[in-house]
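Every chain is named by a letter (A, B, C and D) in the order it is written, and numbering of its residues begins at 1.
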Amino acid sequence: MNNELGAPLLEMQHISKDYFGNEVLSDINFSLRRGEILGLVGENGAGKSTLMKILFGMDEIHQTGGYGGSIFIEGDEVRFTSPIDALASGIGMVHQEFSLLPDSTATENILLNREPLKHTLASELFGERLNTLNRESMEKIAQGAIDKLGVPLDGKMLVSEMPVGHKQFTEIARELSKEATTEMEEGLRLLVLDEPTAVLSEQEAESLLKAMRTLSSEGIAIIFISHRLQEIIDVCDTIMVMRDGRIIKTVPSEGVNVTDIAHWMVGREVNAAKRNTRTFNYEDSKVVLSIRNLWVDMPGETVRNVNLDVHDGEILGIGGMAGQGKLGIPNGVMGLFPAGGQIVFQGEELPLNQPRSLLNAGVAFVSEDRRGVGLLLDESLEWNITFTAMQIQDKFLKRYLNGLVSWRDQKAIEEETMKYVKQLEIRCVSTRQNARELSGGNQQKVCLAKAFAVTPKLLFVSEPTRGIDIGAKSLVLDALRRYNQESGTTIVMISSELEELRSVCDRIAIVNDGKVFGILPATSDSAKFGLMMVGQEVQEV
Amino acid sequence: MRELSTKQKILRFMANNTVPLLFVVIIAFGVPLSGYSPTYLAGEVISRISRNTFLIVSLLIPILAGMGLNFGMTLGAMAGQIGLIFTTDWGIVGIPGILLAMIVSTPLSILLGWWCGKILNMAKGREMVTSYIIGFFMNGIYQLVVLYGMGPLIKIISPNLLLPRGYGIRNTVNLIGIRKSLDNFLMIRIGGVPIPVGTFLVIALLSVFILWFKKTKLGQDMRAVGQDMEVARAAGIRVEYTRIMSIIISTVLAGYGMIIYLHNIGTLNTYNSHMQIGMFSVAALLVGGATVASAKIRNVFLGVVLFHLMFIVSPMAGKRLIGQAQLGEYFRVFVSYGVITTSLVLYEVRKKRERGMSGLALAQDQEVTS
Amino acid sequence: MNAALMLTKIRQMVRSFGLPRIIIALFLFSLFILAPFFNVNVATSLSDTLNRFGMNAVLVLAMVPMIHSGCGLNFGLPLGIISGLLGATISLQVDVAGPASFWLAILFATPFALILGWGYGQLLNRVKGGEMMIATYVGFSSVAFMCIMWLLLPFNNPKMVWGFAGSGLRTTISTEGYYLHVLNDFLKIRIGNHFIFPTGMILFFTVLAFAMWAFLHTKTGTAMTAVGSNPVFARASGIDVDRIRTLSVVLSTWLGAIGILVYQQSFGFIQLYMGPFYMALPAVSAILIGGASVNKASILNVIIGTFLFQGILTMTPSVMNAMIQTDMSEVIRIVASNGMILYALTRKTEAAR
Amino acid sequence: MTKRQRTLLIRVGAIVLVFLFAVFLFHIGRQHTVLIDNNTVTRDGVELQALKLVEVQVGKKGEVLEMTPRIRDKAVVVGQRHTVKVVYTDASWNEHVHELSFRIPLMQNMVLISLPALMKNPEDVSFWLENFEGLPTAQSDAPQEEDVVFDELAGFDSF
């Protein structure tokens, strides 16, 4: 921290951004010194990633109308038009998903497409790409970057054989090595790490934090985005909390504790009118679904050893940060991803990995992946809504020849579809329209209608409002609540938006690191949920 | 990583080399049955190595770039044949004739390869079946050019080449002028087995080129694209362009390979020579232990030897065994296709199995912890 | 303004129907128009086209189930054809003369089609995503394998085996005396001197096509379409995707077997050995010309496609020959059919595959 | 010179070089037929008698042909420049040896050397060497139409 005089390394002033009128960032101001480590925390959708995209001048930002405000690097205003520009000014980023070649070595990955070359005669004729790789120089540069990071990473190891931590180091080393291989003025000055520790074991995370301190002492500033608050407190100089597209707090990390941060993250004014006012006495109703020792292998949403009881007639919410495994629970139970453990529905144990058995028992699922799982995009609304009910419960079929032939009953299908089109206000030209042509909100309504058509006893609804506009949002949530009240169907709703869960659910379970961390009534203080989301025990108040 | 026991090592070796091992078994039975003398077999195998290796090597580059087996190498073969038709027509003989045919074929191959690469970029994920159909499609265009275009539109000097009706090339073009001229250049004999050192030198040069090419930036980029297109793209590698380059190189080499192949045979079957070339080259490469995702020079040589030994002995073995040479001929055709089918199936099955592994790990993990 | 609107509308239509299809349809249409000017008898041509339509339509129909279930174009059709050939040869071996031999052949072919189709389906379920390439080579290898079998199987009807050896089937076997033209001649209608309507054959196809149409309207048929449209959706709806796919492959294989028998009764010969080798390609291009894509096909596509494709095969030799004194039909066939397949393969299908 | 210009120059140069090489190959690889004729010919109104017995060798390594009158033989050569060595022993047992070089036009398939003319005037190449436009054997046969065979399964045997 040697740069007391002069302009800060990075300064952002009055940054704002809206996506077609929908404001996602407003009036962001902060600055960053050389060698400073800034911890950036916030719930999903708080605007962290949008802010980083602006910093890097990603295409997505330009295509949606640019941003407001200005960015200064060492006092000079910059406006990056592409990530390559950002790179040239010494800003690097390590993304959450690895961008590595599995069958190449660490060295090759670190220097991917920036390999030092040896001149060959052929290149004069056929262009630069026929120069040969300078392996020695490659190893030297890669080793230099690894050394700078101060981690025990073998440059000759294949990525596919590495532990996860080493993959992460490879990614960081790639950013560090850029000073040696590109025309940067003075090497890497600012490194953005997006959730680097999420996939690491404790030891690996520890050595990563150590590496971060090493980098910082060399004058490289770091923006560290993480949900692990203790790590943030441990390693950062400054902590910045974002919520709803604003900076809520910027404080030095000394003396801050996890509870404070959690409060800042989720503690918002809650609109009481929207809240679910019902008090559901779940202890009086019997357990309808009980999940024991469930594991689910869903990429990015791994579930480990989950135990959960769902009571008859309730609306249970499942919340948690992205990637912690909340989505894995319904997908695993419904058999869409490989799963193990035990599920008992209405006193009967059901086999896993068989969607059919769950559907037969009366459990339905509205997937978060509408286009991939939820819909037949190239078929009509009629098919989309009635297909599952037809296949599982033999509805909408006419029988001929003693039941030998079961013929599609077009009239019944049309009637059923029409019913839901009216009930859920699905906007379409006709019931024969292809699902692909509908808007996101209407597609979601079709997915709901599909689930309602099987008259389920228990309904899993995953991210029901993701990517749809506000009007459709409230319609969908209302429909769920109404359905629960009118037909007594138990609903398990999974959502990233805590407020949404609190407005609909009776109880909310928070998933962290693949496990159910705790369950609280929806009326509990939001800060408690915030703490649970980041893996902190709630002290009894 | 645990150390594997010897038994496990052997099992793994066998699992990874099923196809070559199977061939060794077939040959172990077939060679004694056929009753051919070792000298004869050695001569035949050497002649076929010199004839076919170049063609098979042309398949390596697209595999490197992750585009699978390039059945579109037929396009290169067509370009090579057109080169030969021209040089024969001009009356250029000997090694100059071969070289000139190669020079003439090069621009054609580049053009065809570029086009083929473009199409394959539009059909990502099903490159193989598309390249296979491209071969058929281009065969139609080839016929249009050679059977109708040559004579009236494209000047052919020598009337001997043309069909009596005045246009179109005859069914067979006699390549007597260049026949074996490269093979006979520096021919030596060891124990009665003729060895065409000239051709072998060319093949050695090509092998060195391939090894060198893998060390170039372009080669490295192809490896990257082959492993993960998206990662390569994120790193700034021009994915589409790189893929097209790999097909162009493959097509050009296939053209040269076809010229060497036909120079050894001595006659060009104008409308048929190229048809099965892709299939046989692919089969030979796979027999050598290559897969859809990885192939090396040594697979080429092992493949040529094993595949052709089987090819040479099976008619005779069939005759001795059942009294019908025809049987052996059908057998080898069946084996060629069977090998390709097996390799394709194994490739897809392995790809799927790898995806299933992480779930098992998770289950084990939980068993340990709980 | 109005003209511009028209233009965009036309462009949209062209895009939805596909330029290659329009070119092929216009080409055939112009051939029919030009035919009388070059003294080519339109009635004969139409009659030929209709005849070839009947011969090939069932083979093209065999594409439908597999496309519906998302297994892609059935390049493995030779497997079905082989079942048909086995049925045909066994029927001839049993030596029942007349039309009965045709029905016997279907009867004998069925178990082979079911067994081979089942195995083929199991294989394709293990290689999802790479079906088409593998199907091609399954077809090729099975043809090559059967070449060996035709030599070895103990057939001994003298009309089928090589005369000099007394064993081993001939490359082509005449269906005369057995089921030659059993469908062609059934209720055939002769109009004028040159036009014959092969009622029986068309009727037979109509029955099968109707059965297929009906099947696609049943519960299982609906499931099959859904599996092809979005296999993940189908799985989430409790469908056993692998079972449905296997069923579709069995159906395709069986239709292939029936298809080749219909072909033989009209063509007059059973072609063994390498005969079935490239039989998949014309059927594949025919259904694509008819408007199908890699994962969508209807009965209408079959009818239009077969008619267009066979129409071009009949018309080009006669009309082109008369027009430019050159028989370019072979080249046109190759370019048109393979070009159509290429076009379909390079279309971006948004299905999850 | 910028790098781009330099690359362009090298590429154009390479193409030109390959082209020149191709032309060179064309010259050295072109096959010609040299007909050697020992018939009586008439030159400038003078009749030159066929030679009794003559030895002819085309090229240094070519086969030595012994020719009697009214014989026409041929030698197949590659390239344009060649020598012809003629050894003739006349009636008075004088041995005449001529070693002459001649050049065949590039696109000429056949040339004819008239031995009597050569004996008469060895110095003037155009006197004894003439271009020969072929009407070889094919003329007599009726042009036989050939069916073009498309066998998509061919190639199984020769591979």
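As a convention for this text, a contact is a pair of C-beta atoms (placed from the backbone, for glycine too) under 8 Å apart; a residue touches a chain by one contact, two chains touch by 3 or more.
Quick caveat, the model's predicted, so the values are computed rather than measured.
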item: Winner on C-beta contact pairs when B-C is weighed against A-D; value: B-C
item: Farthest-lying chain, centroid of Cα atoms versus that of chain C; value: D
item: Most centrally placed chain - per-chain CA mean versus overall CA mean; value: B
item: Interchain centroid distance [CA atoms averaged], chain C/chain D, Å; value: 58
item: Interchain centroid distance [CA atoms averaged], chain B/chain C, Å; value: 31
item: Between chain D and chain A, distance of the C-alpha-averaged centres to the nearest whole Å; value: 81
item: Between chain A and chain B, centroid-to-centroid distance (C-alpha), Å; value: 46
item: Residues within chain D bordering two or more other chains; value: 150, 152-153
item: Residue list for chain B, restricted to those that touch at least two other chains; value: 143, 147, 333
item: Of all residues in chain B, those that touch chain D in their complex; value: 52, 87, 90-97, 99-100, 103-104, 143, 147, 157, 159-160, 163-165, 168, 170-171, 177, 265, 269, 271-277, 280, 311, 329, 333
item: Residues of chain C defined as touching chain A within the complex; value: 214, 217-219, 222-223, 225-226, 229-230, 232-233, 235-240, 296, 350-352
item: Complex interface listing, chain B residues touching chain A; value: 212, 215-218, 220-221, 223-224, 227-228, 230-232, 234-237, 356, 358-359, 362-363, 365-366, 369-370
item: Contact set on chain A toward chain C in their complex; value: 334-336, 355-356, 358-360, 365, 367, 372-379, 383, 387-388, 390-392, 394, 397, 405-408, 436
item: Contacting residues of chain B [partner chain C, same complex]; value: 119, 122-123, 125-126, 128-130, 132-134, 136-137, 139-141, 143-144, 147-148, 322, 324, 326-327, 330-331, 333-334, 336-338, 340-341, 344-345, 347-349, 352
